[in-house]
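Could you have a look at this structure, given as structure tokens, before my questions?
So that you can tell them apart, the chains are marked A, B and C in the order they are listed, and the count of residues begins at 1 in each.
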Amino acid sequence: MGKTYSTEELVSRWEDQRYMKNLMGKYANCMILNREHEIFDRFWSKKTENLCLSFNDGAYKGAEAIRAYYEAEYRRNDLVAHLLQKRFPEKLGSLSDEELYGIGPFKVKPMSCPIIEIAEDHQTAKGLWYCQGAYNKVEGCGPVARWTWGYFAVDFTYEDDAWKIFNLMYVNDVDCICGQSWGKEEKPYPPLPEFQPLEEFKYPEYSVKKTIRPLYAPDRVLTKAPEIPVPYRTFAETFSYGIS
Amino acid sequence: MANSRQYTDEELIQRVWDVEEIKKLIHKRVIYITNEMRKEELNDLWVQDPNHQKTASFGRNTGYYTGMDAIRDYYVVHHQKEREEQLKQLHAANPAIADVPQNLHIGCLSSHPVSTGLVELAGDGKTAKGLWYAIAQETEAQPDGTGKALWMPEKIAVDFVKEEDGWKIWHIVVSTDLVSEAGEDYSEQEVYHNYETNPVDVEFGTPTIAKLIHNTDFNWWDNYPPMPEAYETFSDAVSYGPEGYVRPALYGLDSKEGRNFR
Amino acid sequence: MKSKLSLHERIRNANASQEVEKVKARHTYLHGRADATGEWADIWSRDPNCSWAHIFGRMRGFDQVWYGSVAQYDKMSFENAIELMKIYPETAGKDPRPLMEASVHTLVTDIIEVAEDGMSARGSFITPGVIHSTLTADQKKYCNVLWERYGSDFVCEDGKWKYLHEQVCPDILSRMDCLNWAAEEYARITAPEEKEAPPVTLGEAPPVTDPGPLHLPYSVLGKPQNTVPWPEPYHTLDDENTYTSFVKHQE
């Protein structure tokens, strides 16, 4: 740890850390509540160019692409709910579109083990979280729960008296069907005709399509976690969680 | 003795930061484990002061390794040898997996993400104690081309000491509650804990002080490792090292005893 | 970030935030040993406004919470211990409570706010939990996963932080090893004769003041519920900022 901080600076920096932990907790809650379409406006930077949202197999670059991804999650959630309505007319048939939205998917992405470093110049910060997740997105084979073991790695920028995300990497080591071993070949559930439209659903194309992190396989070589944030002065002097 | 001191604002925010630094340290350990950086973990995160190194300890349910040399021998050297042997076996079964250093740890994945942090900083600010829980998993490649994926939820209890360059791990107890293979019916396992076959016990080997310090057959009855309580200054009595272990006063019988009355 | 609090008040609140994390964690480890007495005797406020809520409803007031969460919970563990002793005599004489199971509700994703007045704090948490037991009456060990969300209010009494309100929101209950909580529910609701959903609590529901259901676990045919919305920055604990509305006592 290089710089020595005054008492007031120490308090501010503690409050900053708490704010970022709260922010990522709210991000996770938005996912649980199928409110992905609110995430961009709530949590992402509006003043930084070259925003980046990345996953195991690609990255969205720029505000427009990232917003389009979250909107696609909304459309997919909506599609799942309508397919369930069609399948269960007695239970869901009378619901309006608004009442129906949110039924079906359940995505719990708990954040643990935060390692946060705030730049000495207080303009940016970096955080790494472990995420032991569980979700059921509803797929072409219907509702199937999956475990995920992975990481959220985030770059934050300080703007308008608040911390905002400008790079977010959510990558997994494991994404496997609950009740099966992630070390063995997956035994998929058979497709169900009532959910076939989900097979045709397409997310927007990645801005950068490449393998950012391969999922675990028995022949995967040691694949290190996203880099641990270290104390730094300015963002130019540290690494980025963005993908180029 | 509980910590009942009054602190100035400057002292209090320093204590708040100390707790944050301690949490960060244990969170880094999570990543070091995933990255198979055991050697670096001992160098970066554990005590460096020679006096602390002498009394450092690494405990599991079946005892403690004491002193950094013994810890290093178990945690780094033995582990490395096991992984080298594992790679040889993988190579023998599948020559496409070359027996070269860059393939060491191939097909291995260890995640011990901690949660539920409970950190008590000593009143004198020189040491701290923490307890965490991890719904951990470890996966290892097998010669048949699959990975053996094991759930292993565990408590992790740690004593920390502040050295010149910051907080360091001094004593640790990783107390595994159970081991269950993913996708296999856990209820089909034999009821009593089997110390001969349990992979955690087998891997731990024969520690410096070999004794049962937590019996999982009785769930958390023996309360080891216990929650840290507020304290003024460090002593053997509060240690997560072997000197702090206290067997429940009225233990009664052990597993499988007292069954021949019929 | 700008704050209208004095430096002293900000330091007090930073410390308070850590203190409530500790209270919450103590709950987890005490509950893991089924030590309800340790929990409610030590880390809970005895304020008449204290409350504990689950699917089945909300217990209000310390005495009702104690009866439901301690007396009734202990009864379950004692009954279990009596059955265990018949099969595993070595359990005799041991504290019967932890022998029931280790119910470990881990704490992650904490969102914590301390009141500007420094007298209370609020937190929401996701709790990916495991519930396991080795020696059981049916001679099979088990490990379940129970994932929940918590909404918790805390108060500072004589310089010590205590629980005031807890609302528990179970979402997923399944076996850790070999079941699939979504596929199995879908199989259940599409079976020719739909069966009832399995219970997510042990034993009988205790007496409550506010009857449930106060939260519904995740269902393929339901919306994920926002029963314990995350806390926002606030000035003081009141009906606008609480996980349990306050009862107005008649003079």
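Note that in this section a contact is a pair of C-beta atoms (placed from the backbone, for glycine too) under 8 Å apart; a residue touches a chain by one contact, two chains touch by 3 or more.
Model, not experiment: these values are computed from the prediction.
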item: Intersection of contact partners for chain A and chain C; value: B
item: Chain pair, B-C or A-B, that carries the greater number of C-beta contacts; value: B-C
item: For chain A paired with chain B, centre-to-centre distance based on mean C-alpha positions, whole Å; value: 30
item: Residues of chain A whose C-beta touches two or more other chains; value: 7, 11, 14, 112, 132, 179-180
item: Junction residues of chain C - those touching two or more other chains; value: 7, 11, 14, 108, 128, 175, 177-178
item: Multi-partner residues of chain B (each touching 2 or more other chains); value: 9, 13, 16, 115, 135, 181-184
item: Contact set on chain B toward chain C in their complex; value: 9, 12-13, 15-16, 19, 115-120, 131, 133, 135, 151, 153, 177-178, 180-187, 189, 191-193, 216-221, 223, 227, 250, 252-259, 261
item: Chain C - residues contacting chain A, complex; value: 1-3, 7, 10-11, 14, 17, 108-113, 124, 126, 128, 145, 147, 149, 171-172, 174-175, 177-183, 185-186, 189, 218, 220-224, 226, 230
item: Partner chain A, residues of chain B touching it in the complex; value: 9-10, 13-14, 16-17, 20, 23-24, 27-28, 30-31, 34-36, 97, 102-109, 111, 113-115, 135, 137, 139, 141-142, 145-149, 166, 181-184
item: Interface residues, chain A side, partner chain C - complex; value: 7-8, 11-12, 14-16, 18-19, 21-22, 24-26, 28-29, 32-34, 84, 88, 91-92, 101-104, 106, 108, 110-112, 132, 134, 136, 138, 142-145, 161-162, 177-180, 189
item: Chain C - residues contacting chain B, complex; value: 7-8, 11-12, 14-15, 18, 21-22, 25-26, 28-30, 32-33, 88-95, 98-102, 104, 106-108, 128, 130, 132-135, 139-143, 175-178
